[in-house]
Each structure stands twice: as C-alpha cells, then as structure tokens.
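Following this line, the structures themselves.
Both complexes shown next keep chain A, but they swap its partner, so chain B is in the first and chain C is in the second.
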Partner chain A sequence: MSNKNKLNITSALAAATCTLLGSGAAEPVQAQEELGWGFNTALLYYGEDDNRVQDLSLSVLGQRTYLDDKFLSLGLTLDTLTGASPNGALPQSVAQTFTQPSGGKTYTTPAGEFPYDDTFRDTRVAISGNWQQPLGRMSLFNVGASASKEYDYLHLGLNAKFSHDFNQRNTTVSAGLAISQDELDPVGGTPTGLTEMISASDDDGEDGEGGRRKGPAESKDIIDVVFGITQVISRNFLVQVNYSYSDSSGYLSDPYKVLTAVDGVTGDVVPVPQLPGIDGPSHLYYYEHRPDSRAKHSIYTQGKYYMDGKVLDLSYRYMTDDWEINSHTIDARLRWPTGDNRYLEPHLRFYSQTAADFYTLSLVDGDALPEYASADYRLGDFDAITAGLKYGWKTGGGNDMSVRLELYRQSGNISSTDLIGNQVGRDNYPDLNAIIFQVGYKFGK
Partner chain B sequence: MTSARPERSISVEEGEGCLRGQFQAMASPCEVLCEIDDHSEARRLTSIAAAEAWRIEDKFSRYLPGNIIDRINDAAGKAVAVDPETSQLIDFAESLHNLSEGRFDITSGVLRQVWRFDGSSNIPTAAAVKKVLRRVGWHRVKWNTPQLQMLPGMEIDLGGIGKEYAVDRAATLLRDESVASFLVNFGGDLAVVREPRRRKAWKVGIESANTKSRDAGKLLSLQIGALATSGDARRYLLHEQIRYSHILDPLTGWPVPDAPHSVTVAADTCTQAGMLSTLAMLKGAQAETFLDAQMVRYWCDRG
Partner chain C sequence: MRISVLLAGLSVIATLSGCSSMGVEAWERDVLAKDEMQLTTDALEAATDDHIYFSKEASSGGRGFGGGGCGCN
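So, the complex of A and B:
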C-alpha cells in the first residue's frame, strides 16, 4: 500500500461513513484513558494463641496510572505488635527467672511453661514507592525503594526489575535485583553470641560502653536476585517459573533469643548461685549465635488455570540454604464466582522445613560451646498448615470489598534421639496456632 | 447476528446517575445509559434503540430465511435487486474493500465452511482452502446499484459492519428524540450521544480475556464519539504450537499471522471505529503501525 493511500484511509473512511449514515459530520471524538489514583486498603489482625504475638496492621497502597503505561505506586503500612514471644529456653519442672532484654529487671516463668519474653511491644511504620516505565512496546522497567522503622530496627531497600515480552506476548522473561541494608539496635544493646545471659544489675540497659558485655547497633545486608519466565500455555492456562538467590550477611542472630544450658544426664537446667543483692537469671542461659552469612536458593513454580470464570492458582516453592534448612511450600487458591460481582476463595497452604544445622534444643553444660547455636523455634524442623476462606464483592458504589479469615497451625518435629534425660516426656517445641482476619477495600480508579 | 431468537424485551433500572435500559440483540447484551430521571421516558427511548437494533438484526442476519441477505445468498447466480439501505451498506463495504486492498471482503464468510474457530486443532487442508477460495472475492461480484449478481455458492455477510452500523443508527434516532446525553452500547461497540452534563465523561472499561495483557482492565472516559473493538481472544485454533487467529485473510484463505487478540479504536462514529479496528486486525503484526499512521487513539491487546 502506498503512503498516500495509507494517509487517505481515515478521510476516505470518514466520507464513506458519512454517506452510509446520511448525517452531517460527527463531532470529533474525545476519549482519554482514565488516569488517576486508585487505592487498595487493608486492615489485618494476626493473633497467636496463649497471648503470644498480636499484630494489628493497616496498609494503604495508592496507585497512579499515567499515559503510555507509566505507573506509580506508593505504599504505607502501620503495625502495632504486642504480646509475648518464646525466648528459646525450654520448659522446666522448676520456675525460671530471666533478665529482661532491656536490662535492669527480670521476669519469671512458672514451672512447666514455655518461657515467653512478654516485654515485646512495638510499632512499625513502612513506606514503599515504585515506578514502572515501558521500554519500547515489549519491555517494562520497574524501580522502587522501601524503608521501615521499628523501635529497634531500620530497613532501607532498593529494587529494580526488567521484563520483556516476546513470542506474541505469550512469553515473558524477567530479571530483578533487590538490595537492602538493615540496622538492628536491640533494646538494651546487642548481646555477644554464646555468652552467658548477664544479670539484671550488670545490664544497665545502655548499649556500648555504658552496659557490660552488650555491644552497639549491628547491621545486615541482603542481596536478592530473581529470574523468571511466564508462559501462556493456552488461552486459559498460564505457568510461571522463578529462580531466586538471596544472600544475607552481617548480624543475623536474634538478640532476644537464648538457649538453655542443661545437665548432660538429667537434661535439666543448671542453677546459677544467686549472690545477695544481685538480681539475675536463676539458671544458666546463653545468648544465641548464628552464622554471619546465609545463602538461599529458591525455585518457585506457579500455574493459573481459568475455567468458566473460576480461577485455580497452584504454586510450589522449594528453598534450600547453607544453614541446611530445606523447605517445601504448596499453596492452592480457588476463586469461585458466586453471582454477579461476588466470589468465594478457599485457600490452603502446606509448609514443611528441616532444621538449621546449628539448631539445638539445649546446650550441655560442661561441653565445649559450638561455634553457632540457636533454639529459635522458627529454625527448627516443623510443619505448618494454613486454611482460609475469602469472600469478595462489589459495593453499591462500584468498589471492591473483601473479608478473609485464615487459621494457621505450626507444629514442631523433634527427634527423640535429640532429647536428654528428663526432656523426654516434656513439651519441647512451642507449637503455634494463629488466626488471621483481614478486611480489604479498594476504591478510586 | 444469530439464528437463536432470544426473547425480545427491555428493562430499565437505576444506574449511577443515569437510567440504564437493557435488552438483547445481535447475540450481545445491549444497553442505553440515559441521563434522565423519568423511567417511562427511559423505557420509551430504550425501546426506540432496541427496535432499531432488532430491525437491523432481522434484515441483515445471514441466518434468517427470507431476508435480503438470504435472498442474495440463495440467488444461485441470478441478479438480485436490493433496497436503498442494503445498497448503501454494500457501497460502504465496497469502499472498504478498495481501502484495504481486498482484505476487507464481505464475501469471505464462506471460508468458515472449512475454518471452525473453536479452540480445537482442526486445521483444514491447503486443498480444501483453495477450493473454497474460488467462491471468495468481491472482484468476482457484479455490483451495479441496485443489482447484485454473484457466482453460485458465493455468499455475502454484513456481520462485520452490522453492529457498529446499528449503534450509529440508534444514536442518530436518540439524538432526534431527546436532548439528553446517552451512551449506546451494543456488546462493547458504543457511541455517545451529546456530551454528558452530570459527569465529565462516560466511563467505559476495556475488557480482556487475558489478565496478563497490559491494556486489560483499562478505564476510558468518553466525552463524545465512539469506541469499537474487533477480535475475540476466545476464538482461535491451536495447531502444532501455532495459534491461528479467527481473522481470515480473503486473499490467502488463511488466518492473518500475528494478529492482535483484540483492538479497540476511538473514532467519531462507531462505524469508523469498528472499521479501523477491523482493518488493523487484518494487518496482523503491523496492526499498531497501521493505527499509528491513522492518528487515532487505540488500545491493542496482544495478551
């Protein structure tokens, strides 16, 4: 087709249409993409049983579309955390007294109960920003930054992602990089790994040179790299495969977690003689100590299947790291329309992990201390299941509303060969039950 | 345009700052959004739009025995005299045939005797396509207004124009009947009658079967003018890893390679928008290049 013809098509078509419709020239079209802000808000309650961690979280995500697929999103999340968290020590047949992390005071756990540090209380503010920019017709570039602040924690992160469509947009490949620097300034200072829990009077709650044996703020750096491919298999089947590598280095221990030192025969705690006027731990406990680097590899695969308005979303993740933790996650969701603009979405998730190689229930008093050790239940061998249901609908004003209720159950697997003496028959893993309730509301463009 | 004759009734309900008249025509849900408050007036105006849609459907459906299309397709080589409206539509189709250098062709419908786009892998043989292609081509038709003469076995189908034409016709009737602003929407092909007063613009969503598409779920605002969409992501054939779109090239008898899943175009009238989107689909991989040259706003879904 010649250039002249090409340019004339619009006017020739206008003339032909005019003849067909028998009317005068129509008013010139005025159509725009609706550009503006849309908001995604959610209020989430997460509550663990036994008065453990409770989190109330409010999040707002604002998204602004610009011409030509440019896209800005800004997020704000506020969390209020309260409750108690297992401090890593084992339940005993006697009461146990611990020094509070902030120093100066102690708390006591009755016999037969899991020791919880109930001084745990925090507020977290997190912000994020992302900019998406098309590069030509087939590629997208995305850059973002994030920051969050808690009383004892500061996170700063940067991320970038590039994706490219080809094969008639049936295939998308992507590569992403994220770096973050986190600073940890624990309440009462940073304890030295695998040293004895100090007494309340020794711990003045100041870090650095003011208090004894507790150090100043620490930091860690994390680099994440992800490569992904998304393939449209058929008009109603989509598959995605991602590989990601994550490298953490720096201070990776939890400054609030301890390990129980036990008698090598009885498996019971070792009492510490109490000097008059000294308020300190009743038994021998050590601050945990983790390696200062961790490298994780993950393979994630997801399939989305559309069938008559229903969407089945199945995914599996395998993660392995140099702490010897291997985990499997299977996640399944089914979005089931139940009428005009209404849907139900059942959700099931199974998770299973092996323990870190330095995870141990307790340390034997008198044995040489290992290089690394932690009794944090999150590094143990455990299985978890999440079961939930979400219901969503469109409000009279055309906005999206949803409610979600989920139950989470985590239970540890402890081999009887790891138990010493009286530990047999005791509860050694703090199993966890939690409830998650979320209300979501989406409005704007 | 379909043979199934659904119940022809209209309903009017409360919309957001407007009344929404609804009915079924041309195998599509149709609606007329009226910026008026009087239910009986909205019902009267919707009835006018519906009557026009049903009239055009009945007159030009290629499935209804006895109508003008049936008489033309059943003429077995004899010349048929057509009425003025049919004559104008055929003239229009002939203009498009010339503008598209033969790719827009109202005689291409018989290719569907060998191509069935049902998501299956039933690809016809080259010989079968070649055979049916002998009965395709506007150049084989003798058109001396108002006399139309075709070879036996040839058929015409105005389905590619009908819906957009019906939208513009209904819009014209509503403009003459009322001073209010309307959005006439026949299954996604739509036109605005007068700029709205209660809102800055009518809001229209572009839907896509594929949520991965960049242009899926976009919201457009239309103050005046029209939008039309060509293509259907649900209609295709998959054979030996090649996806065949349902857009057939009447010059080759085969699907246009690399056609977008769908193209939405904004233009002054729905007919213009519809023809530009159809011509763009026929351009296959060059759809966007073609539309860029036409200086129109468009949204191309390559899912």
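So, the complex of A and C:
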C-alpha cells in the first residue's frame, strides 16, 4: 500500500468518525489557531466462559487541541451484549425453574448447574464531551457531560474539574465534582425487594400485580468528588495521590437478581406447590433488596517511573464503603521498548474485596426476612487477577497501533460457617473467567 | 471515619510541605514530557478497563470519577 493510499484511508476514517460524532467539526473554524483533530479508536471483545456475558464494543474518542491550550474531546461507544448472567440462586441437586424477568415464560436450570438467566441481550450507546481551557497561566478548568442508553437504562451525567500548578509546575492540585442521574426501567417492571418470585402468568409487568411489582421506572443519583495531588519527584519519577468520595442514593438493587430460600437443616431449596395451568418457579426465591444509599471512600495512588527507556506504571487503590465492602487493587504495567517505535507491555492486576454486610448465599425458609439481602456474586468476598500483554507499534503512516490480550479470573471465598447442610461440598460461588481482546488505533493530529 | 478523613488531610498537607523541595527545572522535563510518562497513556483503554471492572466488581473510580452509566449484568 502506498503512503498516499494510507493517508487517504486516514482522512476517510477521520471524516467517518466526525460524522459518527454528529458534528461537522473537522471543518476549520479558526484555521490559524488549530492543531487539528486526533482520533483514538478501539475495538474490544470481552468474553466470559460458560456462555456468560459476551461484549463487542467499538469506541471512538476525537480530541482537538487549540494553540491556546483549549482542548475539546468527544467520545462515542457502542456495545453489543449477549449471553447469560448468574441470577443469584444456588446450584442444587434438582432442576430449578425460574420466571423470566420479562414475564410470561420460565427457564429451567438442570441439576448441579449454576442458574444463569440467559434472556438478556442489550445494546448500549454512550456519548461524552469535555471542554478544557486554561484559567490564567497556571490553572485549567474542565467541564464535561456524558450520557448512555441501554434498553432498560438511561444515564445522564455532568462533571467539572479544576487543577492548579505551582512549585515551578512540579506540583498540581486538582478538585473535581461529578453528578449523575440514572434511570432504570427494568424489563417486566421493578420487583419489590424481598418478595417471592411470581409465576409467569402473574408476571405481566402491570403495576401492582399481586403486590409484587410496582411502578415501571426507578432512579438513582450519584455524586462524586475527587481531590488529587500530582508531584514530580525527579526527572524520571512522577506520583499522584487522589482521594475520592462517592455517594449513591435511590434504587441500588439489581432488579434481575434473586436469592434462594433454603431449608434450615438440609440447605436445599424449598419446593412451592405447582398449580395446574400456572407456569411458575419450582422453588421459593426472593427478589434481592439493597439499601437505598451507599457512601464510598477511595484513596488511589499511582507512580510512573522511567528507567532507561522502560516505564513502570504502578498503582494502588483502597476503597471502603458503608456496605462494609473494603477492597484493595494493585495494578502494574511495564512498557518495554523492543525496537524503534515498538513496545511490549505486560500487565498484572490484583483485586480483593470483602463482602457487603447484607450479602448472603441463601435465606433460611421460616426465619424472619432481613431488611436487606443480596446473593449477587459481585457483592461477595472474592479475589480477582488480571494478566495481560499489549504490543504497540507505529505504522508506516506514523499512527499508533496496539493489540492487547488479557485474562481475568474471579474466585469467591465462602466461609464454611456460612454453609448450611448439603451446601457443604457444592460449588456455591460462580467463579468467572474472561478474556479481554482489544485493538487500538490512534491517528490524526 | 472522621479520623480517616483527618489522616488523609494531614497526609496531603505533609506531602504539600515536602513537595517544595522536590521536582525539576523547566529544562529537565524531556522525560516527563514523553507520551508514555503521562499518568493516563491510553484514555480509551483506561475507560474500557474502568467500565469492565465497574461491571464485575463492587469498587469503581479512584483514578477519576466513580461513574455510573450501566445496568450491568
């Protein structure tokens, strides 16, 4: 391919991306001030084993720098999701039948297998825009907006960030605020927390059906604040420390997750009477119910260290919240040049979290129901590891290309004291294995 | 909780006061100016990772805003 052809392809991609972003912004407005557009594009495949979630995602980030340090960034992401997701119920030695969230139908999990709801399928569109400009000689102000839409979910957000350099630009302090309002409109209506799973024929999504389903839409509000300090330590060493606080309020449950009610001695599921002509759950299950507020605190620190061409990027995050979840995350990347304009970057990430105080494997039939309960594996006690490798190079046209492959593995920790009867010896936590494959291409500017 | 906020505040003050003796002169920024020495080298990759882990774990944010924006399964 000739360089001219490559340039043509680059221009065509730039034009197509601008069209996608819904602007004719590639047209110069003040030609004398512009450095032009740069584009960062990525195609991602995320796939979980056992036919669980598969996501194919295309992202485009257009960035335009102006000579006076003004900076515009516009992003677009399209996701296509398919596959099955654990519904929260436990595997049993008998087959289990559940009502689909959308109602009207049921699905059955064979004996010995994890109950997965395989009816979900979704497309997500996310857009974002940010504008950054200097305030005086040493400060920057950034404002942005974001929105995303799924079939049953709408997110709208605004954010602002101020940063100030001092100490000969060796120190930067920053403060940011983000607010978002998300609206959920679950398929089949929103279940009332800790009520029994209804039968398929009851489940017509109408308001107040049997007292178990209510109004169609729920919302949650999230406020995030972040304070940060970045310090240049030496010519090849840079450190950042951030404190962030996040407050969520509103509907924080997962409308598609349930809990198994079990016998207090055997730990097995409790059958419910099957009425003729009624297609419904085979056993007793409850919709989950989480508190309607959550406050999280995080400390994040990151260091970048340059050593003879190689760059070590190391970060650590501690998070704690009022659901009693504490987590530690360590992330390490080493960018290792392998020749002119080529590098390899191995990546390791370790994550560990404790369970939410209302997380439980199952509810004991006959006991008083707790105020809150969830068996969502994401709120349990688990460890996760990511191992990956990225390879990046400059193309003949001077653009940046990269591919990365990563493996993600989650494994749950369940204390033997939390197991009842026959639950001992069963696999009770749906361990997760996923691959992440991403191709990135940066061009323009 | 108040104690942890106080400790965080104190550590920021301690860091700030120690910062004045660190750093480089303007003409020593050749390495720091390299693309690979920026705190976020690939904005899309960072956003992708944040979204994946936000969907599969109970923690989010830290590097930036915790965010929201998906009814992830």
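Basically, the second predicted complex is superposed on the first by the 402 of 445 C-alpha atoms of A that agree within 3 Å, B and C clash if a C-alpha of one lies under 4 Å from a C-alpha of the other, contacts with A are read in each partner's own complex, and residues count from 1 in each chain.
Operating definition for what follows: a residue touches a chain if its C-beta (ideal position, glycine included) is under 8 Å from a C-beta of that chain, and two chains touch if they have at least 3 such contacts.
In this text, all values refer to a predicted model and were calculated from it rather than measured experimentally.
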Taking the superposition as given, does A:53 touch the first partner, chain B, the second, chain C, both, or neither? second
Taking the superposition as given, does A:234 touch the first partner, chain B, the second, chain C, both, or neither? both
Mind working out whether A:249 is in touch with chain B, chain C, both or neither, as first, second, both or neither? neither
Name the contact category of A:69: first (chain B only), second (chain C only), both, or neither. first
Of the two partner chains, chain B (first) and chain C (second), which one does A:398 touch, if any: first, second, both, or neither? first
Once the shared chain is lined up, is A:137 touching chain B (first), chain C (second), both, or neither of them? first
Applying the document's definition of touch, where does A:42 land relative to chain B and chain C: first, second, both, or neither? second
A:222 contacts which: chain B (first), chain C (second), both, neither? second
More chain A residues touched by chain B or by chain C? C
Indicate the residue numbers of chain A shared between its chain B interface and its chain C interface, in ascending order. 168-170, 230, 232, 234-235, 238
Touching chain B in the complex, chain A uses residues 1, 5-7, 9-10, 12-14, 16-17, 19-23, 25-34, 69, 137, 165, 168-170, 172, 230, 232, 234-235, 238, 398, 445
Hey, which residues of chain A end up touching chain C in the complex? 40-42, 44, 46, 53, 57, 59, 61, 75, 77, 81, 85, 117, 120, 124, 126, 146, 148, 150, 152-153, 155, 157, 159, 167-171, 173, 176, 178, 180, 182, 184, 186, 220, 222, 224, 226-227, 229-236, 238, 240-244, 246, 248, 254, 256, 296-300, 302, 304, 306, 311, 313, 315, 317, 319, 321, 323, 325, 327, 329, 335, 343, 351, 353, 356, 378-379, 384, 402, 404, 408, 410, 432, 434, 436, 438, 440
In their complex, what parts of chain B are in touch with chain A? 16, 88-89, 91-92, 95-96, 99, 101, 119, 165, 168-169, 172, 201, 203, 209-210, 212-214, 218-227, 233-234, 236, 238, 243, 258, 266-269, 271-273, 275-276, 279, 288, 290, 293-297, 302-303
Touching residues on chain C, where the partner in the complex is chain A: 1, 4, 8, 11-12, 15-16, 19-20, 22-26, 28-32, 34, 36-39, 41-45, 47-48, 52-53, 56-71, 73
